[in-house]
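In what comes next, chain A is part of two complexes: it sits with chain B in the first one and with chain C in the second one.
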Partner chain A sequence: MGRLIYEAIIDGILIGGVYALMAVGLTLIFGVLDIINIAQGILVILGAYLSYVLSVHLHIDLFVGLLITVPAMFVIGITIYWAFIRPLRGHERTGMALLASYAVAIVIEGILYWIFTPNYVQLRAPYVTASVRVFGFYLPYIYLYGFALALALVGLIYLMLYRTKFGRSVRATMQDQVAARLIGIDVNRVAGLTFGIGVAVTAVGGMMYGATSGGFNPNSGYDLISRLLAIVILGGLGSIAGALVASVFMLTLESVVNVWSPEWAIVVFYAALALVLIFRPAGLLGRQAVREQ
Partner chain B sequence: MTGPGAAWRGGGILALLAALALFPLVFTNPLVTTIGVDTMIFVVAASAWNIFSGYSGYISLGHAVFFGTGAYTVGIAARDWNLTGTTVFWLLPLAAAVAAVIAVPFGLLALRVRRHTFVVVTIAIFFIFQLMAYNLPFTGGTTGVSAPFLAWQPGTSNDPFYYLAMAIAVATVGLSWLIRGSRFGLQLRAIRDDEGRTRGLGVHTMRVKLAAFVISAFITGLIGGLWFYFITQVLPPSGFDPAFNVSVALMAFFGGLGTVAGPVLGALILEPAAQYLTLEFPNAFLSQIILGALFAAVVVLLPRGVIPTVGEKVTSWRARRSDHLAARVAAAAARPSAERSSS
Partner chain C sequence: MSSYRARFVSLAAAALAVGVVACTSSSSGSAGNTGKSPILIGASLSLTGDFSADGQAFQRGYELWASDVNSHGGLLGRPVKLVILNDGSSPTTVVSDYQKLISVDHVNLTFGPFSSLLTAPAANTTARYRYALIMGAGTTDDVFHLASNRQVHNVFSPSLPVKDYLVPFANWIVSLPPSERPKTAAYPMANDPFAAPPVQVVQQILQRAGIRTVYSKVFPAEVSAYKGPADQVAASGADLVVLGSPDIPTVSAFMQAFQQVHYNPKVFAAASGPDGGQEFLNAVGVGNATGMMVPNGWYGSYANPLSHIMVQEYIAKYGGTASDINTDVAEAYSVGEVAADAVKAVGTNNAKIIKYLHSGVTLNTVQGPARFTSLGENPRPASFIFQWQNGHYLQVLPAGAPGSVKILFPKPNWIGQ
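On to the complex of A and B.
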């Protein structure tokens, strides 16, 4: 039993790293645009299907394929921003953007069903099934590679935010849009690029999800978005460090409960969110934490 | 409000009620009357959603919790108490009461957080309920709860459901109108505009929000119970349906968020449209794509809904017409004076 729990903890941490990457995209979009991108879940699935097409039909390796799918998702993200998010104005903008992104999710889901049918598919590669022995635990290579890649990308986003001029304008926009506009920042451009980056990371998340989840179909987007939302709320909306901590915490918790009861593991996931909100309505690391960094 | 505007409005409401009451007498095709019952159910659900979310500005995407709870409550109660025939309809208030009771802890938890977070918390709680429907011992798991004991005659049974749903719809819209004009409704709308200031003025905002949430849940649970008797089966994904969450919000947004007539108009247009698309396009995915695109177009092109937009157009047309009249009167008044001054 003890051994199973240790294994569950390690699995949870590794998968948590991948969820962190998807959640960082979501929380970044929230921080800059003040909107919740409900389409993030189905975009992850779209990324997974793109990887699937590249690997099955063109025989491109999953990780190499990311060189194509990441820019593709970036472009899709910017297109969604220009077509559906940017035109929204006024008092109810947050609510409208939520519904607009929900509408986008419904359309993408329908298109994916049409092309790929509701049959479950899975991404396959030699390193998906092969494992390596580390300290007596067998870990599939894909978990290790995916974790490393996710950490590298989250690190890259951090560097971009805190070491570049663009990052400074992103953070300025997060703090105060009007003031950012006054000092000459093109807020629309910043918002569009942020949306693109937030969506681009779903290509990596989707590839990992497609390889490790044991099968996905267009409906999997709902499961993903509800988990991602729970993670970003738990971490504190707009906080990147919070998203990291919350992903690892939630996925580890789920993985450990899963040892006893697979049916209730996901309920524990949402119950943890409810409990945290009773004591800390702003999440573990509220938005203030980002500003102070 | 008095004058010709009120008369027009009263006449319009009477005409709409008469048209709705005559609908099943004119269209007897069960396929059509089924759409009629579904539409009435959504008139109630969208109006109930609007009483909380439209007036307070807290967008709930978890109202399917109450709808599904209502459906499961009457299903389980009728099953376990061996009720048959029309006696089961006496269980509808129970469905509403259970949904209202669930709304209290739900609201106390979810209404603590900020507006954006609230949306997400409602989604999370919604998924907890769907998972409970799958996993609890008395909900029947993936096979759900069905009601063979009801034994309606298919094709003949739509009309009673239609009129019952319509009666609930009229009562709900009436309640919505009463609330909107009341002190309670004013407090809700003040919360929507500026919650901090409303609290500063001495309104117990939490109490007001929770009361609206519970009222909204009560009605949604009631209509969920009726829906169960209509389709005689509830499954976890049909009772706790994510599409329901979005549909009611979309209907209210389409017609006009926070107006009394908006959700009614939204439901009367969008539900038949959705059902028609499903019938017209056997490819379910194509109808889903069209619905999603329609939904996106509504949000981007009609962001404030049909009723506020049309209302503004009418107001500006009236203003222009009265400007025009005023200009003619002024011109007529100016002419003789000009003649006088020249002479």
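On to the complex of A and C.
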């Protein structure tokens, strides 16, 4: 039993890295724009399909392909922002943004159905099924790479936020949009670029999801969005580090409970969210904590 | 920019979305051109959502049948017209779909949706209107034993009852000489009414035969829930794994996890997934598919004259080869065949159709003969077990049956290990 628990903890940490890659974009967008991007799930799947096309049709390695899919998703993100989110103003903005992003999700899903059909596909590469043995435990390369990528991406986003002029503009916008405008920050530009970055990061999460999920189709985004929302709420809406910590925490918890009862594991996932929010309503690293950083 | 424009943009986006949904939520078959009023047949199918792959295959099956019937003059001299609504894989929507089909569209007959999760509410709803529900999927005990079906007896399925799917597999394991027979078995099952029951039946049979169960747990049918159970099965070192899987991703995820920890069972059977033809091969690779076993009630090369004709018609209409045809197509097509026989015999009155189908009559379908019990099951004595062997999907059980080849046993190791 002890060995199974250790194995479950390792699984949870590594899979948590994959979920962090998918959740970071969602929380970054909320942090700056104060909107929940319901399309995040389908954007993950779109990222997975882009990797699939490069891998199957152009024989480009999954990780090398990110050099193409990340910029492509950045452009898609900017386009979505300028076409659907930027025009929204006033008190109804948050609700309208939910509706608009849901519409975007449905349109993208329809296009993916049209191009790829509902048939399941999977991203394949030799390192997806290979593993390295450490202290008697098999650690799959794909999860190790994914976890390293999650840490690197979170680090990069932090560097961007705290070591660049653009990052200062982002943080100022996160704290107070009106004040940011008054000191000369082009809030629309900051918001657009942030939305683009949030969607671009999703390309990495999509690739990892496509390689580790066993298969995906255009509908798979719906399975993801509730989990991603739970993760970013637990981590604290707007907190990048919170998304990583919450992903690892929740997936590890779920994985450990899985040893005794797989059926209860998913219940515990959401029960943990409710329990933590009772004591920390802003999440593990909620908005207040983020602003104090 | 004014808030009016903002509203306009958002509402335009919403309208676009609704338009997309509307485009995918209605469909109808051709009604032919005989001048007589058509026989309306209603069905709710999962054209989007979790079951969309199967739902769309079912749609092709229904439409192929309607097209065939209409090309031969229709039924009772009247053309057949399908009214298909999209339930989005939602058990709630399926209820309102059948209510609309019966009370608004006034369909003459109802065909079933895909998945037991949807057939149960569909059966309840159609029973309230005393309509027969002829269905090709969702053949679980939960559906047949519904209180409404025990009262109205309106459910009929020409397809094999789910719980019996893996019985030939279990019997084969029991028939192995003791020296070759697996000693231990693992039964991971997805929480799905289609996936778990056949595995539970296998477990009962193998336990009675002395094969020790080392793992038997139900896990949620969620992507993040697969790796844990898969690792635990691998840690158990079971000789035999019978996976209660509802789809390809579940099997693929287990196979991937097994490869990652260098675990290869002697026998690996799954309730569903490996029957997905090329889609399955694309997901797991030809080499790793070899040795995988799966039950099925029908396959493209099934030696049945009606099936042969349907296969040719399918290829003519949709292209591809016999092995590309999803079993869902045959299951849906056979629903139409049962309905056609009933309508020809007693007309479109549902009470008479229900009475006729319970009369003990044997009907011929692309899935073989259909004869219904009092609860509408078609208890055929056997199903087929298939195994992937070097990229070929081959019938291996029942042993000695026409078309069956030798089973690859033990399963070869994963590629690259």
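Criterion: the second predicted complex is superposed on the first by the 291 of 293 C-alpha atoms of A that agree within 3 Å, B and C clash if a C-alpha of one lies under 4 Å from a C-alpha of the other, contacts with A are read in each partner's own complex, and residues count from 1 in each chain.
Just so we're on the same page, a residue touches a chain if its C-beta (ideal position, glycine included) is under 8 Å from a C-beta of that chain, and two chains touch if they have at least 3 such contacts.
Keep in mind it's a predicted model, so treat the numbers as computed, not measured.
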item	value
Chain A as common anchor, with chain B and chain C clashing or fitting	clash
Residue contacts with chain A in the superposition, chain B compared against chain C	C
Which of chain B and chain C A:Gln122 touches, first, second, both or neither	second
Touching partner for A:Val64 - first (chain B), second (chain C), both, neither	neither
First, second, both or neither for A:Ser255, with chain B first and chain C second	second
Partner chain in contact with A:Gly110 - chain B first, chain C second, else both or neither	both
Which of chain B and chain C A:Ile36 touches, first, second, both or neither	first
First (chain B), second (chain C), both or neither touched by A:Met160	neither
Which superposed partner A:Phe84 touches (first chain B, second chain C, both, neither)	both
Which of chain B and chain C A:Asp11 touches, first, second, both or neither	second
Partner chain(s) touched by A:Leu229 [first = chain B, second = chain C, both, neither]	first
Set of chain A residues, in rising order, touched by both chain B and chain C	83-84, 87-90, 92, 96, 99-100, 102-104, 106-107, 109-110, 113, 222, 263, 266
Chain A residues within the chain B interface of the complex	30, 34, 36, 83-84, 87-90, 92, 94-96, 98-100, 102-107, 109-111, 113-114, 222, 226, 229-230, 232-233, 237, 263-264, 266-267, 270-271, 273-274, 277-278, 281-283
Contacting residues of chain C [partner chain A, same complex]	1-3, 5-7, 9-10, 13-14, 16-17, 20-21, 23-24, 48-50, 52-53, 55-56, 89, 191, 217-220, 222-229, 231-232, 235, 247-254, 256, 259-262, 276, 279, 282-285, 414, 416
Chain A-facing residues of chain B, complex	57, 59, 61, 109, 112-117, 119-121, 123-125, 127-128, 131-132, 134-135, 242, 246, 249-250, 253, 257, 283-286, 288-289, 291-293, 295-296, 299-300, 303-304
Of all residues in chain A, those that touch chain C in their complex	3-4, 7-8, 11, 15, 19, 83-84, 87-90, 92-93, 96-97, 99-100, 102-104, 106-107, 109-110, 113, 117-122, 124, 126, 128-131, 138, 140, 209, 212-220, 222-223, 227, 251, 254-255, 258-259, 261-263, 265-266
